[in-house]
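Before anything else, here is the set of structures, which you'll find just below.
Same chain, two partners: subunit A is paired with subunit B first, then with subunit C.
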Partner chain A sequence: MTLKEITAKVLGMDANKINGKTSRESTSEWDSFNHLLLVSEIEKEFDIKLKMDEVNTIKTFADLEKILRTHGK
Partner chain B sequence: MPKKEVAELNTTADYIRAYKNKAVLSSLPNNVKKLRVAILASSTINGLKEVLSIKSRDFGIDADVYVGEYNQYTREILDDKSELYTHKSDVIFLFIDTRAIKDSFFLNKKEDSWVNEKFAEIKSLIEKLEEKTSATIIIHNFERLTNSPLGILANKEKNSFTEMVGELNRKLVKETMDNRRVFIFDYDNFLAKVGKEKAFDPKFYYLADIKLNLELLPELAEAYIKYLIPIAGLTKKCLVLDLDGILWGGIIGEDGLSGIKLGPTPEGRPFWELQQYILALREQGVILAINSKNNLADVQSVFKKHPYCLLKDEHFAALEINWNDKIANMKKLAADLNIGLDSFVFLDDDKTNRMIVREALPEVLTLEMPDDPALYLRTLSNLPFFNKLKITEEDRKRGDQYREEKKRTEFKSVATNMDEYLKGLDIKVEIKKADKFTIPRIAQLISKTNQFNTTTKRYSETEVAKMANSKDYLIISIKAEDRFGDSGITGVAIIKMGSINWHIDSYLLSCRILGKEIETTFLWYILEEAKKVKVTDVTADFIKTAKNVVSAPFFKKSGFELLNSSDVKETWKFDLKKKFTKPAFIKIVKA
Partner chain C sequence: MENSVKKGRSFQELKIGDKAEFEVIITEEMHGNFAELSGDKSPIHTNSEFSKQNGFDNKIGYAFLLSSFLSRLYGEYLPGGSSICLKQELKFIKPYFVGDTVIIRGEIVNRSESTKIADIKVEIVRNKTEIVSNGIGTVKLLF
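Moving on, here comes the complex of A and B:
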C-alpha cells in the first residue's frame, strides 16, 4: 500500500482528495487517536519505527512524506 | 461459520474502517448469535470495540460492545447507576494493566502488604460485578514486566516487582479456581505469545497511555473470542479427521505399515504429537470421527500394529473409511452421530478435498491447513472452537458413551422386534431436583441442546441456579443407563409451579437417548409430581426453531390438547384427570 492509500484508509477519505496540504487541523477525522493509528499502520506497512518527536511534529501529509523519506522509504 | 465478508481485513485500521462502513455491518448474515460485551480498562484501548465487533462476525457472533471510559473501571463498577450496568452485558472483561496498579515499579522497597492490598481490591471489584450482574466475568491477569532493575535477581529478591506480580496472578487463579462465573484471562501468557517487546511501544505509552500496540488489537480480540464462543453456545462438538497426511505422514495404502511417518523421528513427530493433542481433546469431550478414502483393512492394521499410533479404533465414535465421496461420508457421520453438521470441524491435508467439502457443506468448519505438517499442531491449537466454560463429568465420559452406542446399535440389529430390544436394554433412569452438583451439566444441556428442545430457551448457569433456589420453579434432570453403559445426565425440565397449574417452561433431552421412551418416562414423572400437590392441569409451549422439528409431535403424542397455536408457538394442556401410562420396561431409581 502507498502512503496515500494508508492515510485514506485511516482517515476514511478518498485518496484522490489527499495532498501535501491535507493537515490535522483541517481534517476532522485526523484526530489524536487516528493520528496514532496512522503512525502504527505506516510503521507496520513500511517496517520502520518513528521517533516520539517525529510523531509529534507531523502536522500535514507533506510532513508524513518527508519523514518517510528520512527513513529511506 | 459465516463466510467471509471481512476476510480481507488485515490491520487494525481495516477493522475500524469496516466498522464505520454501515453497509458492511448491515450486509452481515442474520443467523449470528447476539452477545452483549463490556470492556473496562485502565489504559487506552480505543479501536478494540470496532475490531472485536467486526472480528466476532467471522465466528458467528454479533457482539454489542460497550467500552467503559478511560481508567474509570472502579467508579463504573462501584456506581450502581453507571453505564456499565445499564448495558446489561452477558460478558464483562476487566483489563487492568500492570503499569496502572503501581506508581513506581523499579524501587524494590520492602512492601510486604502490596500484593494482599491489590488482591483485596480486585477481589472486591469481582464480587461487586458478581452481585450486580449475571454476566460471565473475565479478569486479565497482570503482565510480568521484563525490565526489572534487579536483572537476573528479579526472582531472587523478595521485593522484586516481577515476583510480586507473579504472586498476585497466582492468588487470582487460586481464588477463582472453583468459580463458575469468573475467569482469569492469562494476559501475561498472551503477551508472551505475541512477544512482550513487540506488544509494547514506549512512545505510544508515553504519548497516549497505549500499553498494547494498536496492531495487536485483532490478536486480543481473537483471545476474547475464545470466551465468547462457549458463552454464545458455539462450541464445536466433533473433530472429523482425514488419515493419510493428517494422522501420519505418507499413504498407508502405498507406503505400508513401516513406511508411514509416525513416532519419535523428525518426520514422524509432528503427526505423533498431533495425535497426542487430539487424544487430549477427546478426553475433555470432543467427539472424534474419521472421513477418509482408504481400505479399512490397511487402516485397521495401523490402529492395531503401529507402535506409535496412539489413536485406536475405540477412540472414534464413527468411522467412514471407504471410497465414497467425502460429502456423502460427512452426511452419514452427522446422521450416525445424531449431531448437526455445524458442530463439525474437519481436518484434511488435501486442498481439493477441503474445497469440495467447503463448497457443498459450508456449515462444516473445514480448517485451512498449512502445507507444512510441522505447523499442524499450532493450527489446531489456535482454533477457538473447542473452548468450553467447564468440563463436566459427561464430557469426560463422552468418548466411551459413543462406543457404547455402537454396541447398542449392534444389539438392536440382532433383536427381532422393538419391544424385545427395549426390554433387553434394561434401562434405568434417575430423576432428581437440580442441586449444585448437577447445575453445571444442566446449564450445559440448556445451552447446547437444539433438536429435542420444546422451547429452546437459553439460561445461563447463574439463571438456572437462581430458578433452582426459587419456590416458583422446579428444575429436574434425568440420568439414564442401560446394560451397555451410563449416559449420564441427558435431560432437563424446568417447570413453573402454580397452585392449580404447572407450566413446562423448558423440556429438553439429548438426542443420543431418544427413541427409548425415556422422554415419556420423564414427562410421566412431572405429571405424577403435579398430581401429588393437587394441581389440576399441566401446560407446555412448543416454540418452533430451525432445528427442533423432532420435538414437535411430542406433546400431542403424549395426550396433550392443543389450546392455541400460531406460526411459531403452540400451547398444549394436559388435564391431570386423564390417565398417563409409564413405559413398563424403564425402571425409575430414586435418587
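Moving on, here comes the complex of A and C:
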C-alpha cells in the first residue's frame, strides 16, 4: 500500500481528497486515536520505527511524506 | 460499579509472543441474557426448528457474544487492565452452539514504541479444536 492509501484507510477518507496540505487541524477524521493508529500502520507497512518526537511533529500529510523520506522510504 | 484500581502490564513489560487464554462454557442463561441485552431475537438464534430447517444442528450462538469475551481478554489477561482498544478486526468463520466450551486466545504480534500501541492476534476455538473466529485487535497502552 502507498502512504496515501494507508492514510485514507485509517482515516476513512477518499484517497483522492488527500494531499500535502491535508492536516490534523483541518481533518476531523485525523483525531488523536487515528493519529496513533496511522503511525502504527505506517511503521508496519514500511518496516520503520519512528521516535516519539517524530510522531508529535506530524501535522500534515506532507510531514508524513517527509518522515518517510528521512527513513529512506 | 467501581472496582479497585488494578495494574495491568505496562508497554515495556509487554513482549511480542506474550500469550494468554481462558475458557468459557456458553450457557443457555448467557445466550438468553445476550438476546435481551442486544435486542437481537432473530429466529436463527432463538428457534431451534428454524435453525434446523436452515441447515444448522441447533439455534446458533451469537457471534457478538463471543466478541464480548475479547473485552475480558484485553481487560483481565493481555495486557490485563492497562489499555484501551482502538480497533478490532474479526472474522466469524464457523457457527457455535449453546453448551460449547470456547477458548479465547490472544498473542502479542506487534508493538510500536513510538505510540505504545500493541497488536493482539486473537482466536476463539470451539470444543478445543475448531476455530470459530479469529482476527487482530489493536490496543493503546496507558503507561
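We take it that the second predicted complex is superposed on the first by the 73 of 73 C-alpha atoms of A that agree within 3 Å, B and C clash if a C-alpha of one lies under 4 Å from a C-alpha of the other, contacts with A are read in each partner's own complex, and residues count from 1 in each chain.
Definition applied: a contact is a pair of C-beta atoms (placed from the backbone, for glycine too) under 8 Å apart; a residue touches a chain by one contact, two chains touch by 3 or more.
Being a predicted model, the structure only gives us computed values, none of them experimental.
By the touch criterion stated above, A:Val55 is placed in contact with subunit B and with subunit C alike. When the two structures are aligned on the shared chain, A:Asn16 is found in touch with neither subunit B nor subunit C. In the superposed model, A:Ile6 makes contact with subunit B only, not with subunit C.
Put simply, more of the residues of subunit A are touched by B, taking subunit B and subunit C as the two choices. Once the two complexes are overlaid on the shared chain, A:Lys44 sits against subunit B and subunit C alike. In the superposed pair of complexes, A:Phe33 makes contact with subunit B and with subunit C alike. The residues of subunit A shared by its contacts with subunit B and with subunit C are 33, 36-37, 40, 44, 49-52, 55. On subunit B, the positions that touch subunit A within their shared complex are 11-14, 16-17, 20, 46-47, 201-204, 206-208, 210, 213-215.
The touching residues of subunit C, when paired with subunit A in their complex, are 86-87, 110, 112-115, 117, 119, 138, 140.
Across the interface of their complex, subunit B is touched by residues 6, 9-10, 12, 32-33, 36-38, 40-41, 44, 49-52, 55-56 of subunit A.
Residue ranges of subunit A in contact with subunit C, taken from their complex: 33, 36-37, 39-40, 43-44, 49-52, 54-55.
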